[in-house]
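Presented below are the structures under discussion, each in the form of structure tokens.
There are two complexes below, and they share subunit A, which is joined by subunit B in the first and by subunit C in the second.
Moving on, here comes the complex of A and B:
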């Protein structure tokens, strides 16, 4: 993943805007931002992150690649779509935020301990393995992501809910051992592989 | 008009008959007003009512009319009797609508109505029906000064309307700045790409137009006369001088760019790679001719990064540079960035702005620029460092609050804006030597007030930015294009068309001896009794329109065609020798004296309101329409402008026992709204001098008050009146009652 970053730096030199335009989902919209700041003003999380969307877009234009891609700001987006609804230029801001996050993750620049990133990785791996989301493994994975003791504590605190689910036959403890897959697991894996290839080609990734 | 026969018509319609006693008003008109004929009517403005009046004019030989009905501003078409003098008593808006309906108020309401009848009867007898100014010129030829887009458009539009035009251009070619552009900002859908300027076609259409005579390499050596008969000497470079007569003049002398040498901090004059927008157009034209991309002037190297700096020497609040926004530069920079982007999308184009101003459809053009990849950076440029071929633009990034942001550029373009070419600033350069003045003067007016048009703000020539665009303060001379205010080609086209139409209006009105705006079509004109004149020069100095010259003996020479009929001269004249046929010191004076003044024990004050007919009087009318009630103790007389208020009216009123005088005029000062530019200001100044008179009469200075009123002050005006009446009651009634 480090290689991908080196390759991108080499290829786009000073032009981070162009890189975003070509490689980030919906990134071609960034240049259309007119810096009105309505998105930042509308964001319910606005005051809690380092760089609101307006500022991120400006940083992209100013070529602050490192700062943008290592930022955790785009990971803070809760997809409430307030910004998208209000943007006078109709920019898909939420999508751009997710696009930026994904891109930073692929380059290996995204902050390692960002909780949203951690959960996203966990979720993706969980559901692509069998083609289905294994809720028990996902939940436990989340509990234990901060360490064994913390996991036990969280599980203990929520034990009543777990027990309730178990009694209502909403939770099958055997899923922990095996877990059931979808009908055509191989097909899913082939599909995802193909999609990955197409994406790489379209965005000009060499690997 | 050998014998006067006066008739009064009293309308009972619109509820007048129910709220006031019209029979009593009729009696007053007959007995006190000495009307030879008095009629009451239930519906005076109806066809039948108007016919009654018409018949009386024809069969009874009525020469003077009093119509006691609605405001003089209403039913003007029905009550249009051009052959006789007409005075209107405002009973509807002025009395029944502005006063409460209840019986308790009946007495004071009736007194009001009676007084207005008395006033109208007194006024009409001092009036003559104006016949129009006999001293007119009939030239219908238009002179256009300036051969740029504005000038050419004005010429072509006038020609299309059937008028002969002479176009004077100081350089050897038509086209002006627009001809030096490679492309222009688009003026139609989809507002996406720069388009052809269209100047070449315009030049060709001018050259082929048989109505338009073009004089290149020529300047205006002298201008004298008045609308309908301007005598203009046109000097050519070779020294020849031709003289011609014109009906009106359009000055479309355009602009120059702000000198970039005055912006060394932005690299102006320090490197050939720092240019202004005009400089970039030159580069673009050269590049287009060679079929090459735009190259760096210093060494012909390829331009990879170009930075546009907006508001260079504009919108400057330090007082060093231009304080205003030139309006077109943002769109122009976007257009110029597109020159690069359209040729090669890999060229980096950065526009550094503090506020991007792209009014109207410019927004679409801006969006198109963004789509093409022009980078817009909100920032304040602190300086441009020049080092060999490269320029380093340092700026404060206002979004990221990064004070040390910078861009390396091959080419820097400064958006410097427009400076009007308006000739001599007559207020500042009074003492300039004749020769120097001649060199920079555009029109070389032979007017007493100076050789060029008065300048409104920042050197732009206009007279009234709200009500009368194109109008300068010299009647018959119109400003169009960037000499009037900063603008782009699209606006200049519209502007020039407007100015041409105004000029045509002025020529036609002048030919008929009528006034230009705002009393458009008014046939009255100032008449001077020179044998009483003391040569005090107040009229010549105070006329806001330069309509009055002086002869060798220093007597005023009135150029009626230049006059706008405001009456400022009449208000200024200390010996009162200036008057209009239907508006004079006497017509108003008689009205003031006609009002019945109750004695001091009646507890009924009388307050005279002199209200400007442009704003204050309509506001009062509308207050009536909206049933905003005001004190029944005021008597309102409309005046053409507060500038026409002669102090004698005020002293007469106070002598006659009025308890107070309110003057209502338009806003004056920096952002004035006075329709005659200076009238309300002059009135306020004159009234400030009246304090001495008041003291001589042993009266309180509060008895004369002036107010700035806007046409929208519909609720405020009644409040002003009520507050003032309350104040007068506090001071106590005038001790002068009974001495008048």
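Moving on, here comes the complex of A and C:
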């Protein structure tokens, strides 16, 4: 991860906007932002962002690479698309936030203990392992991501929620042993491996 | 011969004994009455949901959705793909549009799909169940099978985010969509039309990862339903349903509130109005029992 970052710094020296345009999903839209602030004002998690989207866009253009990529702001996106439908210039802001988060994660710069970053990685690994989400393993994985003791404490504190779902037959304890899954796991894995390969090539990660 | 046939993309949460299993039960009952045949896409996979982005990146996410499209085109040619989950629908719609707009992305996707022995033709349309109900049936048609109007129940129609944005239901406003209220009235219920939290985000996946932040959202959603005299909340989204229902006890602890507001699916309302039982409507799958709806479900209809 560290090497990827060094390589990126070398390649895009002093031109963070270009780096974002080439490597971040929908990054080419960043320069279209007119700084009206509707996105930031519309965001349900707005008060929790150190740098709301409007500010991130300005910081990208100002070349504040380190500050943007190490920020935990874009991880606050709940994917509610309020910013997207309200943006007067129709920027795909949600996708850009996800894109920035993904890029920072790939470079190893995203904050290690940001809980939504952890959950996002956990979710992706969970659903691609068998092709479908194993809700029980996903939840327990999140609870235990800070260690065994912390996990037990969290699971205990939220036990009545699990029990409620169990009684409503919306949680299956047997998912721990055998969960839902696709038949063609091999095909899915091969397909995803290829997809990463192609994307790395397209975004210049492999060179 | 069924009146309408669709390729069905159920999504992970609707599987047996998963968190939206009761949604699926009620959708099946509702479809039976309306003569809709949903055929599950064979070996469908997860769409990656809105939260998988850190690991997935752009192409892998589109490839996951494209696999479902390709399987659907292969096994259920000519049928529209229908999703019941808001996030599944949104993710799939986005992929469909992106692949149609970029020949490079399409070529890359095909190259990856080949590894699983599949090809995407770009034929199938992606639609939400609610879209199908409104566009292919219409309110009048949906009112016909009603045998037990939901009289005396006040519903706060909680549309949430992803069935409303960025695509939404055709002709509806992002700020104040009316379809859910209209659907409630079609079934003989009373809609809280000035419910101000109608399109508020429930916090989505952040309800798991950063609960203290999203519970503030959920608190507002439930509180406003109480303030407007609603008996229960109704929603088209499985994550909205789960978040708004199961965290009420946590919110009570955190804020000292006494919330106990049932959160139901539109399909449960329809099943009950169409004469279905508590079980057929999946009402036994509620964490907070929807008693007023159960009372109507057990009522005997006089002919």
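For this structure, a couple of remarks:
To be clear about the criterion, the second predicted complex is superposed on the first by the 182 of 207 C-alpha atoms of A that agree within 3 Å, B and C clash if a C-alpha of one lies under 4 Å from a C-alpha of the other, contacts with A are read in each partner's own complex, and residues count from 1 in each chain.
One rule holds in what follows: a residue touches a chain if its C-beta (ideal position, glycine included) is under 8 Å from a C-beta of that chain, and two chains touch if they have at least 3 such contacts.
Just so you know, these numbers come straight off a predicted model, no measurement behind them.
Annotation for the three-chain superposition on subunit A: subunit B and subunit C fit side by side. Look at A:135: by the touch rule set out above, it reaches subunit C but stays clear of subunit B. When both complexes are overlaid on chain A, the residue A:159 reaches neither subunit B nor subunit C. When the two complexes are overlaid on their common chain A, residue A:31 makes contact with subunit B while staying clear of subunit C.
Shared-chain residue A:99: touches subunit C; no touch with subunit B.
Put subunit B and subunit C next to each other and count what each touches on subunit A; the higher total goes to C. When the shared chain is aligned, subunit B comes close enough to touch A:54, but subunit C does not. In the superposed model, A:171 lies in contact with subunit C only, and not with subunit B. Using the contact criterion defined above for the overlaid structures, shared-chain residue A:13 touches neither subunit B nor subunit C, since it reaches no partner.
Aligning both complexes on chain A leaves subunit B and subunit C separated at their closest CA atoms by 18 Å.
No residue of subunit A contacts both subunit B in one complex and subunit C in the other. Across the interface of their complex, subunit A is touched by residues 348, 356, 366-367, 370-371, 373, 375-378, 397, 399-400, 402, 405 of subunit B.
Contact residues of subunit C toward subunit A in the complex are 12-13, 15-22, 43-46, 48-60, 63-64, 67, 87, 90, 104, 108-109, 111-118, 161-162, 165-166, 168, 174, 200-201, 203-206, 208-210, 213-214, 217, 246-247, 249-250, 284-287. Touching subunit B in their complex are the following residues of subunit A: 15, 17, 31-32, 34-35, 54-55, 58-59, 61-62, 89.
Those residues of subunit A lying in contact with subunit C across their complex are 25, 44-45, 48, 76, 78-82, 84-86, 94, 98-99, 101-102, 105-106, 110, 115-121, 123-125, 127-128, 131-133, 135, 139, 142, 158, 160-161, 164-165, 167-172, 180, 182-184, 187-188, 190-196, 198-199, 202.
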